[in-house]
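Across the two complexes that follow, subunit A remains constant while its partner is subunit B and subsequently subunit C.
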Partner chain A sequence: MGEMEVDRADGRTASQLRPLACSRNTLHRAHGSARWSQGDTIVLAAVYGPKAGTKKGENPEKASIEVIWKPKTGHIGKLEKEYEMVLKRTLQSICLLTIHPNTTTSIIVQVLGDDGALLPCAINASCAALVDAGIPLKHLAVSICCGLTESGSVILDPTKAEEQKIQAFAYLVFPNSPLSVLSKGSSAEDDEPIEHGTITSVTHGVMPVLDYFNCLERGRAASAKISEFLRRSLESQTK
Partner chain B sequence: MEQRWASTWRMSVNERKFIETALASDLRVDGRRPFDYRRLTIKFGREDGSAEVQLGQTHVLSYVTSQLVQPYRDRPNEGSLSIFTEFSPMADPSFEAGRPGEFAIELGRVIDRGLRESRAVDMESLCVVAGKSVWSIRVDLHIIDNGGNLVDAANIAALAALLTFRRPECTVGGENGQDVIIHDPEVMEPLPLIIHHLPIAVTFAFFSDGNIMVIDPTHKEEVVMGGRMTATINSNGDVCTVQKAGGEGIMSSVVMQCLRVASVKAADITSKIKNAVETYNTERALRKVKRHPLTAAHRVIVPDVIMKNEQVENIGHRPDKNSRQDDEMLVDTKTCTNSESSSGGRHTDPFVGGSSNWDPYPGRVGKLQDLPGPLMVIKEELRSDEMVIESTPELSTITSSSGTVGASGVKQQTNAPKSLKDAVKSKNRKKNKASTTTS
Partner chain C sequence: MAAASTAGGSGGGGGGAGGFGAGDMEVEAYRRLFPLPFYERYLQNYVRPDARPLHRARDTSVALGPIASAHGSSSVKIGDTTMLAAVKLEVMTPSAEAPDEGSLAIEFHMPPICSPTVRPGRPADVAPVISKQLSDVITSSGMIDLKELSLISGKAAWTAYLDIYCLNSDGSLFDAALLSAIAAFSHLQIPLVSLNDDGRVIAVSGEQLENNSTIELVNKEKRKLSFQSIPFSLTCVLHNKYILADPTAEEESIMETFITVVLDSMGRLVSFYKPGGSVLVHSSTIKDCISLTKQRMEELQNILEDSTSAMEE
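So, the complex of A and B:
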């Protein structure tokens, strides 16, 4: 479609992601930690594995997840609370909550750099940190930000400047199960319902419905790349 | 905060006895001698005023930001400096989010006293319009890993960030001479803060009724210790702060000994910080040179550049000195466009801890792993610099000290990795001189 027509400031094409980097086990006290960076957006996530007891409003029959979001500078405001809530709900859907009932797992997210696509970066970092801590998960989650320009074309992984210019963008989280990596050639497997699910979608701005579906398609295609990278980095780093 | 689900870690009696017995024989658990510091690593982020300090296992981040505000009424022509410490829950399971505990407040106060009350940072130079607008500097310290001795690490982080911070240049103009115009960093070079001296905090831990003292306690030693004392001293030997809040009583002779040891350590750490900042400034100036390939030409006319003998690849040797400098200063613009897309990857390099780095130039990552200090990191980057250049050729804005762009300088375009360092240093001086005269 309008792929090559989009002119991005750093010279990327519409479907090109920024360089990804992931390093695990960077902190000594935390049970699990990961640092994820996409270009200049860098997020450090730390996990303190199941602690006894749950907070007052939580269901004691299941494990509960607690997310603390720390911005780089400034006070904690509504935006940080919203990010905490989205992150918590996303991670709740990927963790196996029934294995350790009446426990709390804390995930602390520290923003080290913000150049667009902050929430997806944080979700990716948290997922890697959970793996590093050994928390049982159903499957991994990969997150991507898709932006919609005025011309109707979808750009992936926008920078902060791009996010402010475009009319709408969406943060999308897709599941990353091992089957999505193995069954690359063949299609129409019985695991298709899992692969085609969307865990989280947070949109900003106004976009037509068809363009939103377009974003979903592009995001899912790109998430396969991120999944590959995530799995490679998790497997290659031996403790 | 519900205590039932906050994890409280208690040290076992065995561990405690082991540490105490070892200290009685002058042995520390991690193999250090009593007056040895752990390994100190200072790294800087891409922006000015962001530093990351690792002292052994303790990890602290610091960010400095500035804002124009109204001054306090009793000090109308002084700026302000405020320090915010964040004990992130990721540093220690006992740190809780929300209100800072008493230890966090104590740490903030010790650093505050050391920096602000000792007048390390010049406040009067931060005044723009007396009584109306002054610069307010805010230092955010994030403790992300508690490996013991947070005060020292946080202090070093705050100093490193303040030394590399640049505040925007602003001029007073407008109709009545009261409006302050803040200039974009691209248009006018931002200015560093004026820092008179570096107060370094040195922490001592006392064991067994004040007989044994060690420097830079680890997290486990902190649990076992009977008392602690922090002395903030600068390299001139001035005592900025002494903090001993409770704990075991120690004799005054021990206090004097501690201060003497602290002044030695302070000198050592000051030199480490200065080296790291100098390397960062060199690299920053290097980045500035590459971003303005056209304007770099006019800065080349520096007669006092001395060429050190270093391996320089691909330089066409010219007979006269001036054009040799041209070779080093300018950079092949063709390679700029090729590696633009990898500019993002380059920035992540100083912070990539592990081996997994999806990067189009994987060769570089291997070089940057497991290096002892910041100096090594930058040297490696300089050597491999010719391929990866962070530049956007469309930026042709000229900085404040611009003269006529020498068209002759543009002819020689070669890659010059290491010798740029020497050339850049003197250029830096010239640039600072020029910017102060124009401001």
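So, the complex of A and C:
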């Protein structure tokens, strides 16, 4: 429905993602690492930890998460600071922080290529790296970028050229299907399953409220595909 | 202190039932040691320790023009959160890509006086993030038409430097910063300029104009910016099923999930910002937050109108 109207430069349909690739344990000195790519957007994430002690100002009764963002070139600016904060808060919400109190886990994110949807790609890479390092997680998180074109249709996983052309886009993070250790009712609202909730949302550009809900719905549907890919690639590499 | 004594009463009742002597403890000690249970007792009754209902924002005041040397300035208080914003204009050569547009440079500062958590010499982590969000929201909402900042196409245009200082940080920093930015821009008076013999843009004072009527002004009419649509924001903290509008710093530190919604005066969504947090949001919560922001927008519009009329009197 309406998918054929959108003409994308790389010939994709509106809800088609770029090819995904994930390889784990690519770095030997890190406790866990992963390389995640979506088309030409490539991010390498390394996890060190849990290391003893927390930084000043962090709660010592919980594990602390530290995110260091390394851009492809140049110094870290305001945009990267924002990415660091969003990534840190997103990972804090999926990690079981009470298991290793008074420790710090560092996640170093190195951008290898930026062709749009950079933050979602970094979140996916970090999540895979955390699994590789064996950090206890409540559930996996999958992230996706939904773009809204001038005509009001939603395109998924836009490239950098598309991101600059479209009127608005949203970076969304969803949990994938829950693990049974989660105590019931702690995060699920009434009867709604947790995969219908949103962990993180960051939007750019002005959009009508209805279109935001449209983005949420389309993003959630596509996140199922990414989470299936993530699960599969994690399983195949654990053997 | 009235609120504190009620908490002590209910604490005593709960302590008797649970066999734990919460009621014997000083209320302040209980608040510090068990902040979350302390808050939950209030939330069960749909009230907060500062006697606000969950959805009500704190008292908000806007004053225009506290800084005489700036071209536009404002000070904003939301509860105890205080912001001071100032706009300064400078004439610059516009970029080649946009010859008839001015530019904006927005900076948000958190000096050590604003909070005990900010230490001298080490800038606060959130300051650059809020700075970035403010520029994103102000540019993407199209509030300011950059063409209005143009003086002579391709030759001269205004660059507006907006600096916001947080004087007291008590939660909902982004909301207060955005409100102070809007107020400072609405107070902005663009100075008169003319061209001198060398073709350079110079400022003209009122006295010069009276003494010498031959000065040709470049900008006779465009003295105020006209706003296309104004963005208004509301931050809410989430805890289980409760939504607390306009949280204080204490509430933000205890309940970590927050959402900032920015709507423009036409009702469109400028930003929906939820960075992680242990509470997942479902569409019903999103709708609630958006409608709370709509209510808050009407309040803020009235407050801004009152501040401008107070200025004119």
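Note that the second predicted complex is superposed on the first by the 222 of 239 C-alpha atoms of A that agree within 3 Å, B and C clash if a C-alpha of one lies under 4 Å from a C-alpha of the other, contacts with A are read in each partner's own complex, and residues count from 1 in each chain.
To be clear about the criterion, a contact is a pair of C-beta atoms (placed from the backbone, for glycine too) under 8 Å apart; a residue touches a chain by one contact, two chains touch by 3 or more.
Quick caveat, the model's predicted, so the values are computed rather than measured.
*Asks:* I'd like to know which partner A:73 touches here: subunit B for first, subunit C for second, both or neither.
*Replies:* A:73 contacts subunit B only, not subunit C.
*Asks:* Regarding the shared-chain residue A:216, is it in contact with subunit B (first), subunit C (second), both, or neither?
*Replies:* A:216 contacts subunit C only, not subunit B.
*Asks:* Please indicate which partner A:15 is in contact with in the superposed arrangement: first for subunit B, second for subunit C, both, or neither.
*Replies:* Touch partners of A:15: none, neither subunit B nor subunit C.
*Asks:* Taking the contacts subunit A makes with subunit B in one complex and with subunit C in the other, which residues are shared?
*Replies:* Common to the two interfaces on subunit A: nothing.
*Asks:* Per the contact definition, I'd like the list of subunit B residues that touch subunit A in the complex.
*Replies:* The contact residues of subunit B facing subunit A are 2, 4-7, 45-46, 57, 59, 61, 63, 65, 86, 88-93, 97, 138, 140, 142, 144-147, 219, 340-345, 347-348, 351-360.
*Asks:* If we count contacts the way the header does, which residues on subunit C are in touch with subunit A in the complex?
*Replies:* On the subunit C side, the touching residues are 117, 125-126, 128-129, 131-133, 136, 140-142, 241, 256-257, 263-264, 267-286, 290.
*Asks:* Enumerate the contact residues on subunit A facing subunit C in the complex.
*Replies:* 57, 78-79, 81-82, 85-86, 88-93, 168, 170, 173, 175, 187-189, 192, 194, 196-209, 212-213, 216
*Asks:* Within their complex, state which residues of subunit A touch subunit B.
*Replies:* Interface residues on the subunit A side: 10-12, 16, 18-30, 33, 35, 37, 39-40, 42, 44, 46, 48, 51-56, 68, 70, 72-73, 104, 106, 108, 110, 112-113, 229, 232-233, 236-237.
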